[in-house]
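Before I ask anything, here is the structure I am working with.
Labels run A, B, C and D following the written order; every chain starts at residue 1.
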Amino acid sequence: MVTDLNSFTEQFQLSDQAININDIPWIPQSDRVWFKPLRFDLTTGSWINLLKVKPGGAVNRHRHTGGKVMAYTLQGQWRYLEREWVATAGSYVFEPPGDIHTLLVDGDEEMITLFILEGSIQYLDDNDQVIKQDDVFSKMKLYYDYCEQNNIPIKELRF
Amino acid sequence: MVTDLNSFTEQFQLSDQAININDIPWIPQSDRVWFKPLRFDLTTGSWINLLKVKPGGAVNRHRHTGGKVMAYTLQGQWRYLEREWVATAGSYVFEPPGDIHTLLVDGDEEMITLFILEGSIQYLDDNDQVIKQDDVFSKMKLYYDYCEQNNIPIKELRF
Amino acid sequence: MVTDLNSFTEQFQLSDQAININDIPWIPQSDRVWFKPLRFDLTTGSWINLLKVKPGGAVNRHRHTGGKVMAYTLQGQWRYLEREWVATAGSYVFEPPGDIHTLLVDGDEEMITLFILEGSIQYLDDNDQVIKQDDVFSKMKLYYDYCEQNNIPIKELRF
Amino acid sequence: MVTDLNSFTEQFQLSDQAININDIPWIPQSDRVWFKPLRFDLTTGSWINLLKVKPGGAVNRHRHTGGKVMAYTLQGQWRYLEREWVATAGSYVFEPPGDIHTLLVDGDEEMITLFILEGSIQYLDDNDQVIKQDDVFSKMKLYYDYCEQNNIPIKELRF
């Protein structure tokens, strides 16, 4: 017996989404670093992506401004230059707003990690000056530009 | 050169957290279903856990009330009885508030999926009456009870 | 000089919204209690409303399951039967997930408070059994039903 | 009858908070502009504050990067140079991530508005270069510095 409220909810609730990473290309981000987007949330500014880094690759020193980050490592291993721990497959990492760190992949294996990000990523020089900034829009633009340049259909990841 | 604001931020920012799933036990949830918690956020009521379901297992029909759910499939395959899609390794699923569904694992392989949950899970009978409810506290209690009963140290997952 | 990223952002960013409470009716909620919705966020299940309670009115004992609540008092005064503090104009209140309380307006003045809510509101009987539940959809339905019954145009508050 | 889960929840739930704006000073922000903080959420980077602007005052052109903003006007009126609407007492405004605007108070009356902010505020010059940035930490530092300089006890607003 569906009550009236249940019918109302069913009528107005948003659609679910099921996306497979095989349907999304790896977007080059920097030397030996790629990302694959899964969701762009334009209401809150958060986004979700896989990050792939080949051995010897790095994500330069950056600060997470105005939002937290969560990471779940799928394969390989990585660490932050400024921390003691090493993330391996099955590691869950929480990074608070304001955190500054440098991502390194020292091992022999390609690293792939699921990242859930909020706020912005501010890349810093040695004097802590911001030299580059990423947010939900810059990552989305990288995805759109790459798809257009390579004749890949753009998946709707805004939800 | 660290500016004063940078020192202030470093002084007050929360600690990062790095947890490996190997340090947390599988908690029995129902027949052929287990979960492994990664984070209990008592400020917002959200929580993160791995879910493991053996072939033939199911999570009974339930509604996500008052929050969204996101899932990333790590291994195996699963589906919702009420939907057309099948999630396999690398599938990312978004479930909106209000969504009602029944999780099934039909395949031969054990399924493991990372879930990020908000709100509450309300298990429904055939008349859509709530017969059981889970939220961040009920999952946390299952974890604490299991650890105490099995002399396993409780990891601090409240952050 | 608008850079390409700025143009991209401007193209894709969501619209801002500006709503005045004078354009939204007071919806009867219970004896001496009304609400006026400002936002229904169907992506997260949160919603925002003004609450108006006439002297002697109450919101029966309830639990906030699966989400936090924040309140800013605009006029009048109120308290929770289970707490020591009294909220007056300019009081900001934070209620954590799981909190149980009974809202009372003892004074002579009508109380109006801005509430930002997540999760669900579960009204409890003396044995802590749930006898009624509100969430973003039930409040939205009350608004839609009231507008239809009174020939008031429904404002689009889903954003 | 309190069930075991209810006792567990009561034991672990966070404390509620009730703060009155009369207990917090107005912090000078710029010429004819003050703010009064109500909450610093260091887990997500969001913060809540009242903003007071005297007639003729302005908040220079800025972008909200990596987060949404919500505003509820308590008194007076204000607008964004780049928009058509005017906010008056009782106006609720939603500003999406990426939004760029210049806040103006043209009227005769002091404006006071409750703002709930996420991400960061990036003040832009005429070439869209970032010349100053605010986030939860910079606003918290302004509050702490002002209290220390004026021998005002710092209220704990981190929750």
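The rule is short, and it goes like this: a residue touches a chain if its C-beta (ideal position, glycine included) is under 8 Å from a C-beta of that chain, and two chains touch if they have at least 3 such contacts.
According to UniProt, the chain labels map to these proteins: A, B, C, D = Cupin domain-containing protein.
Nothing here was measured: the structure is a model prediction, and the numbers come from that model.
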Interface with more contacting C-beta pairs, comparing A-B to A-C: A-B
Subunit D against subunit C, contact positions shared by both copies (same if over half, else different): same
Centre-of-Cα separation between subunit C and subunit A, whole angstrom: 33
Subunit A and subunit B: spacing of chain centres that average the CA atoms, whole Å: 20
Interface hub residues of subunit C, defined as touching at least two other chains: 9, 12-14, 42-43, 96-98, 137, 159
Residue ranges of subunit B in contact with subunit A within the complex: 1-3, 6, 9-10, 12-22, 38-39, 48, 70, 72, 74, 83, 85, 87-88, 90-100, 114, 116, 127-128, 159
Residue ranges of subunit D in contact with subunit A within the complex: 42-45, 65-68, 96-98, 118-120, 130, 133, 135-137
List of subunit D residues in touch with subunit B within their complex: 4-5, 8-9, 12-14, 41-43, 137-138, 140-141, 144, 158-159
